[in-house]
């Protein structure tokens, strides 16, 4: 399959993340990786390979870890998000994130969870909030299940529903890029299916970067795949190509199940 | 044979443990029973309600005993102290758990332990010789003079500016109960899972917004439980309050004037009580204090258990 | 991507305001503690001398003398109290931690928590009713009982906490050797937890050493050195209280000295406790 012409939305250049003296990701010159607009890029590799560390560098989540240091550049539409004077709060509004464990705020209602990000930026208008919440919940394929109980506490939802709620919450602020850190790792197969289906429609709105340890999942949903091993990005390419004709013997070993 | 022997040893050991541990049970039951029995003379004479709501406490002339002035005093002093200490204590908890670098957080934790450990008589000593005179000269007198000139209607509320009274007791007490709220709030904040903070940060929240969105709602139970524990401490605090409150049960209480609480009247009058009825009335006050303490402490325990379930559900 | 729009400026203003409030509140929370410590230090150091430890108090109005009788009394009353409390507190803690399924445990835990939250003065009332009245007078022993009652629930919960930190592999290893459970507890679990147990005992001792309320109508106080626990005895907090509410200048001075000594004792034990509890098994 030949990809139609696509442009680069986000891009890392020689990115290295260190925890103290230990290199978390970027062994051997740093990671340079393009993330294409309205495409899904999967980051795969065995646990501890640095894929999550790389993902968290894309919206400056490492700022919260005192020992972590980031070197190199991450360009968002050509602008370096690590340049001096750039506000991480604004970066994170444009680059949303969904975590492995569903993190719905348990004391808030479903509605308030989705509206949380919007209220932060000062949107108080009832009608605008209502519309945005509905749009986000529909976008996360959750609307039909919760439209009758928007005021109910989010803690009453199932794990899969909570995970889609956090996706809706991330979508509500209309980010350009959505980072997903093993979003289905703690879910049952049916919920996993629902989220994978959702991913395919999501990419019409946003650029998606997904970390997964499940190679089948990467093969099913992603357009591009990057393979990480021991803190190094070994190989990057169109998903089909990477899974059928890997260039690096280590990639081949991994996808044929010889380790990890 | 050996097996049988060791089995016997185990049973003997467990039996002795149980016997001694039942001492704790006995102690709690004895306390309730003996306080009730000791106070039964007064409670029988006036009735539980009559005693609790009676406004007259006169061991000398009328030989009438009503504990209402002390109940009211305890109520006013402990709730005011909780109100004053709650936000500083919460701030200290937030600072220690979220904002401070590790070394500073450790110092704060040590200071919180220390604050809870400094004996109550030492706070009282400072209250008598430093706080009370200072409040009298720098706060109460000027305020009193000002009110006398501009707003005489306020004077009955202010009372006599002696320094030893309600206001001083509340201020001392407020600073003594800070560590109870702060320690529980700090632990509750620290227990909020990392994922929830990160989720809020990832939404583009600032530090305080993360606190408001993700942390405080989840830690709410621990914070409330801490407030109840602090309240329980305030209710039972004896020495520091006795030393600065002025020990007057004359109603109505005023801001500057003397007051009395349930523990303070026991501390004050017990060794002077010669008549059985007086002694019994003081023990009856102790019984009421027992009931109030149990109520407040159980509420704290209940809130804390619910909090634990909430956080466990999230993890 | 720099802070431009107004809403964001407002959010950062809130951020700074809350940060300032949190810092201010923290300072406020510790203000009185600092002041109390500073005064105890300055006033106390000036009043503290060798006589304080070596001589008994002088009659009102006279200067000089010390508080030997109160220091010795504190050690005796508190020490006896600890002896009374130890078997009960330790046993309850061991039962809670080592026999988790024991049917009395829920009640035991509930009641020791209830006792832990009780005002100290109520333990004094109880000791008055149980000891002073039958014996016909105030005594150091009744004070020891009041403090002992107070320490029992503290010891029970601290023992339980410390023992629950002992890795269960240690117990399993002992049981696998064929040792009976009581031997495992006495010769393996308790020695492993020794540092923590000592910490708990120290903290309970320090807490009781600072209490005056339970002693007001039990140990009662005495101006002379008294070594017979059946007679009224003095303790530092009791004496501090009596001196503080007295009209005599020299007694006020001694009260500050007593405050400093008490404070030093408390700080020392909390520091020791902190050191001991930082060590892990």
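Each chain gets a letter, A, B and C, in the order it is written, and its residues are counted from 1.
The criterion applied here is as follows: a residue touches a chain if its C-beta (ideal position, glycine included) is under 8 Å from a C-beta of that chain, and two chains touch if they have at least 3 such contacts.
Just so it is clear, the model here is predicted, and its values are computed rather than measured.
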Notebook entry, point to check: Where the centre of all protein Cα atoms falls, which chain's Cα centre is nearest to that point?
Noted result: B
Notebook entry, point to check: Farthest chain from chain B, comparing Cα centres?
Noted result: A
Margin query: Roughly how far is chain A from chain C, centre to centre by C-alpha average, rounded to an integer in Å?
Written below: 53
Margin query: Rounded to a whole Å, what is the gap between the Cα centroids of chain B and chain C?
Written below: 17
Notebook entry, point to check: Just how far, in Å, is the C-alpha centre of chain B from the one of chain A?
Noted result: 49
Next item on the list: Hunt down the residues of chain B that sit against at least two other chains at once, touch-wise.
Entry: 206, 209
Note to self: Residues touching two or more other chains, restricted to chain C: which are they?
What the structure shows: 11
Notebook entry, point to check: Residues of chain A touching 2+ other chains?
Noted result: 89-90, 120-121
Note to self: For a test of understanding, state which residues of chain B touch chain A in their complex under the given definition.
What the structure shows: 193, 195-206, 209, 213-214, 217-218, 220, 310, 313-314
Notebook entry, point to check: In the complex of these two chains, what residues of chain C are touching chain A?
Noted result: 1-3, 7-8, 10-11
Check: What does chain B use to touch chain C in their complex?
Finding: 6-7, 9-10, 12-14, 16-25, 27-31, 34-35, 38, 85, 87-92, 94-96, 99, 108, 110-111, 113-115, 117-126, 128-130, 171-172, 175-176, 178, 182, 206-209, 211, 229, 232, 235-239, 243, 263, 266-267, 270-271, 283, 286, 289-290, 293-294, 296-298, 300-301
Check: For chain C, which residues count as touching chain B in their complex?
Finding: 11-12, 14-15, 18-19, 21-26, 28-33, 35-37, 39-40, 43, 87-92, 94-96, 99, 102, 104, 107-108, 111-115, 117-123, 125-126, 128-130, 149, 152-153, 156, 179-183, 185, 206-207, 209-213, 216-217, 220, 237, 240-241, 244-245, 252, 255-256, 259, 262-263, 266-267, 269-270, 274
Check: In their shared complex, at which residues does chain A touch chain B?
Finding: 59, 61, 64, 89-90, 92-93, 96-97, 99-101, 103, 105-108, 116-117, 120-121, 155, 166, 169-170, 173, 179
